[in-house]
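In the two complexes that follow, subunit A is the common piece, with subunit B as its partner first and subunit C second.
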Partner chain A sequence: MSLNEVGSMIAMQGFSGLSLFTVLLLMALGLAIIFGQMGVINMAHGEFMAIGAYVVYLFSQLTQNYAPGLREVYFVPAVVAAFFVAGAVGYVVEMLLIRRLYKRPLDTLLATWGLSLAMQQFFRSFINPKEVSAELPEWLLGAFNPTPSIQVPRNGIFVMGLTILVSAGVYLLMLKSRWGIRIRATTQNRVMSSAVGINTDRVDRFTFALGCGIAGLAGAAFTTIGSTGPTSGSLYIVDTFLVVVFGGAANLIGTIASAFSIAQAQSLLEFFLTSAMAKVLTLMTIIVILMIRPQGLFTNKLRT
Partner chain B sequence: MQLLFIDRSRALRGAFSTVLCVTSLWAAFAGAGCNKSSASTSSDPAASKTDKAAPASTERSTEATSTDVMTPPGVEKSTLKAADYPTAKVMTTGLKVDDDSVTVGILHSTTGTMAISETGSVQAEKLAIAQINALGGILGRQIKVIQEDGASDWPTFAEKARKLLVNDKVAAVMGCWTSASRKAVLPVFEKENGLLYYPTFYEGLEQSKNVFYTGQEATQQILASLDWVHKEKGAKSFYLIGSDYIWPRTSMKIARKHIENVLHGTVVGEEFAPLGNTQFGSIINKIKLKKPDVIFAAVVGGSNVAWFKQLNAAGVTSANQTLLTISVTEDEVLGIGGENLTGFFSSMKYFQSLDNANNKAFVEAFKKMWGPKSVIGDVTQAAYLGPWIWRAAVEKAGSFDVDKVVAASPDIEIKIAPEGYVKVHANHHLWSKARIGKAKADGQFEVVHESDLIEPNPFPKGYQ
Partner chain C sequence: MSHLTKKLGKADLLGVVVLSAVILVLFPSVFGIFRLNLIGKYLTYAFVGVSLVLLWGNGGILSLGQGVFFGLGGYCMAMFLKLEASDPIATKIQTTPGIPDFMDWNQIVKLPLFWLPFKSLTFTIIAILVVPALFAFLIGVAMFKRRVGGVYFAIITQAVALILSVLIVGQQGLTGGINGITDLKTMHGWDIRSDSAKYILYYVNGALLIGCVVFTRWVLSTKFGMLLLALREKEDRVRFSGYDVANFKTLAFCMSAVMCAIGGAMFTLQVGFMSPSFVGITPSIEMVIYTAVGGRMSVVGAVFGTLLVNFAKTFFSEEYPDLWLFLMGATFIAVVLLFPDGLAGLYDRYGKPFVLRRAARAHSKPKATEPNVAVATALESGGKHG
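Our next item is the complex of A and B:
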């Protein structure tokens, strides 16, 4: 093999590691807010991603049937809609279910797991029991060739761009805005926050909705990679929790670092070993690290 | 109090994360071992959207539909009269047979994950039964159907099988889809001496007096297609990739032996992705690095969609790569999208596009009964054969008794089979042809190769 080919291979493999990193990060961002900041164990997080994916599918169906000329542009509004629909569902769920359980974190686990089962059955009964795929616009298909021997998948570039956008947004919102301060205050000391005039109910509700909305965005982005079925969400949920927990639940930088290291380990090992062994080795390493540092890679320093 | 709460929730996160890791680790190991979960889950598809099959209902007679069903051309109305075959003579083992009817069972999942795959089989079996009834039934008796729901749960399959055999005394059962469900009911059928017609192509290595396998076993599907790609495309190097459970693993084992020992080619890579895996980037890069003449694939379910989409996105298309798959039927194409598959090859014994009179009549009758949008895949066609084989065997034996039906079964020929012609082998599998279809953008396949009739060989020597 020529030097040139080795170079292209390294470039493509590097990109597939980065691509997996952005996928993991996008999945985890919503949960980093809900689980990391609010402390709610949301087992239905994967289903909120599925909602986002189904919104894109719905848009794709509508475009195909009523406005085939819009095929090249429908995707962008669909992604935006995915955010708002998933967010709205999250808002309602918080109002009806989650807020009654803030003092009983273990019960949230059961309640949201039940919610995830109910949502899966809803998808199965009312949308389609089969796996569905959205019809993608031309500009998301195929590969981008910087040189003749390097192919970079366009959908990977799209997911990457979206992830950067969302991460930056979340970062600014959580750490630089007044709303972020209110969220963090509420999580740290609900009674005191309430006493200084923060409407904690409102903060909780919007925060949860935001997390769900980001999950919807992630789901929408994943329609470019795979298909969507009633149980697609459950495929993502383990990886998502893994990234958040490994990174140190309450820390955004931790989430990014953890997604990066898991993705690179996974994709490199997969290249040199088999995919099952790659998964086993990655998870073993994570277990060992978590045994030594149960709080995860990064922690917020708290004065307790 | 507040501090306590924070501490507790942190401890909780720690515990939770450990549980999480251990669970997923276990899942990864289970995959690498012998995950029988759904052998030949080749699909998350099968079945048409216009499913009229009643869910979980019991005691449904298909007689009502028998009047307007289209029957296969060239089959004469049966002239056998029940009076010539007195019930006391044709049934001596307590089965549910009377002077004008006989009861059979249909046992598939109509709820749960597998429902989407199994619905097509239910529809095909009901069509065959309706046609047989319209043609005068079996030994002058109309077939009644009791349908049970296996609910995608293997113990439920076993329980319902027992119910059908012990309580309902059905004369035969058409059913099961995954290997796991078949393995679950097998002891029941053997103990109660029942009769099962099983439609899915599967990994082989099984043979029971009480089961007839109407799909292909592994060697029929694999060997002929490898021979073809070797001869036709001059393929020497192969990259094997499958989902991680029993069916792809057994199939790839057979494929590897055949490539190395018979074709004298090389296997440049063998890879099994966990079920449900959606990230194929690194695997695709490895394949690009090895530059195999042929990618031989058995990826199933949702992974299948991700696999083909990402191949396409990485610039691997039929223009620069030959790919042969044993897990894509017309049903799967719906989810994958024809544009991601165009020009790739699939090895099956049946394609909806087969150009023969039997198949045209079958497709027309199927669409008339189950809706014009129906898509018919390989397993659906195999399920359709079950009732016809049973009918032929019963009439040859002149009896519904399981032992006599089994004894009469070898060498039964079905000339109206949509796949052309099949014959029952003494080992309870079917002689059938292997076909290679080239995927078209519209989701159908163009048949580019057809083998001779292949003898079924569920225990291939030198391949284990």
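Our next item is the complex of A and C:
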């Protein structure tokens, strides 16, 4: 094996780690808002991702059947629609269910697990019991070759770009906008926030919807990587929660750092071990670190 | 008022008596062996249900990893039975006779070291009780000493369930992988698949379950039980009163783990196999809903809740498979929003006053006012003692 080949292998291995990082981060961002900021355990988070994926699938089916000429462009509006559909469903769920349970976190967990079961069956009964995949536009297929021996898949680059965009957006929104101030104020001290004139119910509802919308975006992005089935969402829910908890629940930078370290560890271990053992080892390491440092990697310096 | 409290005690004891009658007399006389074996399987889940009443309903500690302990108990028993089923004569067509078939398929030529002690039944029974307790102790000490609780504990126990199920599936040669450990035949030469064995196992299982129910009720009536309740309500205040909170929580966690493991071992004996599908996240959460439906505060309620949910599951997944998950989802939501005390709550609200009124009328006809007092006391205590 020449030095050049080793170099390209390291580069590709690095890229696969980065790719997993963006996937984890995109999944975790929505939850970082819902769980990290609001403290709501949404076990149906994975199903909101599935909603996003199914919206893209729906758009792809529609273009295929009614407007084949639009194949190259349908994807962008589909991703936007995925955000809004998942967000709208989240809005309704908050209104009907979550709102009543803010003071009972463990019960929220059970109720949203029930919701996720019902949503899975909904996908199975009304969309397709099997896995489906969207017809991707040309510009997302194939790979990009900077040198003959290095191949970087284009869908990976797309997911990465989207993740950077969404993370930057969430960061600015939470830490720099007035809306973000209201969200943080509400989560830190609900009574005081409403006393100074913040409509906390409205803040809760929109924040939850925003988190679900981002989950939808994540789901939409994942259609470029793999197919979507009724139970796809539930496969990732524990990893997603661990990313958020490991990072330090109320800290966005922590979420990014934790997604990065988990992804790099896992893809590195996958190089030496089977993927199942790599996953076991990564999860075990996270749990051991969490036992030593229960507050996660990063904490916000404030009194709550 | 003392005779009233006695009556209340009687009404609570009534639950255990009714439960024993239903399990040991009613079911065996109504159902044939096939259905009875199925009920026996449900009753093994009820061990988990009861364990969660102790841990979650009264202690406020929600573990989403009870499947881990159920699985550990079940796997210990399955390993013993599998070794007995794979004697060199029965497995002579294998490349390496005398080892379990799945090991042979995975090109393993020697029995792994951790399987060896499971040749002894005594060791197996001890392992069923000790392994889960040790594991729970480790997790409990690590988490509770660091004051990890509530939601974080739930998420981390869930992750443990995920890890163990991925590990079992991944190590196919050592654990039987996704299929689990199957083809279990005899226990010390006693064919566990015969009808008579199934009857005996059903009764053993029922008796053990009632034992766990009585034990849990006793634990909850002791000072330790009161402490658990206090922990659920105001952990800090208990800590400031000078109690080492982590030790009590760990003890409760270990107790619940052992109960789950007994259930798991009985599951393996009655159903004849053990697989990772009883270890992972989904079964662990499903078992929580049994308790929630039965009433998270009520030991007896948890058993009835388990039976009810499983009857419904069997009925709907046979008749209307599409509806089942909707119904299950709706049950989760309804139990949380509308009936947080589950079946036991409904009974306390509507059934118990009726029973008490009857009892009071029978005992003290002249005094017309007393039944109302009894009802009032029952309603008051309804939410607290199930």
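Here is the rule we use: the second predicted complex is superposed on the first by the 303 of 304 C-alpha atoms of A that agree within 3 Å, B and C clash if a C-alpha of one lies under 4 Å from a C-alpha of the other, contacts with A are read in each partner's own complex, and residues count from 1 in each chain.
Assume a residue touches a chain if its C-beta (ideal position, glycine included) is under 8 Å from a C-beta of that chain, and two chains touch if they have at least 3 such contacts.
The structure presented is a predicted model; accordingly, all values stated were derived computationally and were not measured.
Engineer: Kindly classify A:117 by the partners it touches after superposition: subunit B alone (first), subunit C alone (second), both, or neither?
Structural biologist: second
Engineer: Contact-wise, after the overlay, does A:101 reach subunit B, subunit C, both or neither (first, second, both, neither)?
Structural biologist: second
Engineer: Taking the superposition as given, does A:19 touch the first partner, subunit B, the second, subunit C, both, or neither?
Structural biologist: Only subunit B; A:19 stays clear of subunit C.
Engineer: Just to be sure I read the superposition right, which of the two partners does A:141 touch: subunit B = first, subunit C = second, or both, or neither?
Structural biologist: In the superposition, A:141 touches subunit B alone.
Engineer: After lining up the shared chain so the two structures overlap, which partner does A:161 touch, if you call subunit B first and subunit C second: first, second, both or neither?
Structural biologist: neither
Engineer: For A:77, is the partner it touches subunit B (first), subunit C (second), both, or none of the two (neither)?
Structural biologist: It touches nothing on subunit B or subunit C.
Engineer: According to the stated criteria, A:125 is in contact with first (subunit B), second (subunit C), both, or neither; which is it?
Structural biologist: After superposing on A, A:125 lies in contact with subunit C but is clear of subunit B.
Engineer: Can you tell me whether subunit B or subunit C touches more residues on subunit A?
Structural biologist: B
Engineer: Check the residue A:169 against both partner chains and state whether it touches subunit B (first), subunit C (second), both, or neither.
Structural biologist: neither
Engineer: Of the partners subunit B and subunit C, which touch A:7 in the superposed model: first, second, both, neither?
Structural biologist: neither
Engineer: Considering each complex separately, which residues of subunit A are in contact with subunit B in the first and with subunit C in the second?
Structural biologist: The overlap between the subunit B and subunit C interfaces on subunit A comprises residues 39, 41, 105-106, 238, 241-242, 245, 274, 276-277, 279-280, 283-284, 286-287, 290-291, 294.
Engineer: Along subunit A, where are the residues that touch subunit B in the complex?
Structural biologist: 1, 9, 12-13, 15-17, 19-20, 23, 39, 41, 105-106, 128-133, 135, 141-143, 145, 151, 153-156, 188-191, 222, 224-227, 229, 231-232, 235, 238, 241-242, 245-246, 249, 267-268, 270-271, 274-280, 283-284, 286-287, 290-291, 294-296, 302, 304
Engineer: Which residues of subunit C touch subunit A in the complex?
Structural biologist: For subunit C paired with subunit A, touching residues are 56, 62, 64, 142-143, 146-148, 150-152, 154-156, 158-160, 162-163, 166-167, 169-170, 281-282, 285, 288-289, 292, 322, 324-326, 328-333, 335-337, 340.
Engineer: What residues on subunit A touch subunit C, complex-wise?
Structural biologist: It comes out as residues 39, 41, 97, 100-101, 104-111, 113-122, 124-125, 234, 238, 241-242, 245, 274, 276-277, 279-280, 283-284, 286-287, 290-292, 294.
Engineer: Residues of subunit B touching subunit A in their complex?
Structural biologist: Touching subunit A: residues 2-3, 6-10, 12-14, 16-18, 20-25, 27-29, 31-32, 44-45, 47, 49, 113, 115-116, 244, 271-274, 276-279, 281-286, 288-289, 301-303, 305-306, 309-310, 312-315, 334-337, 339 of subunit B.
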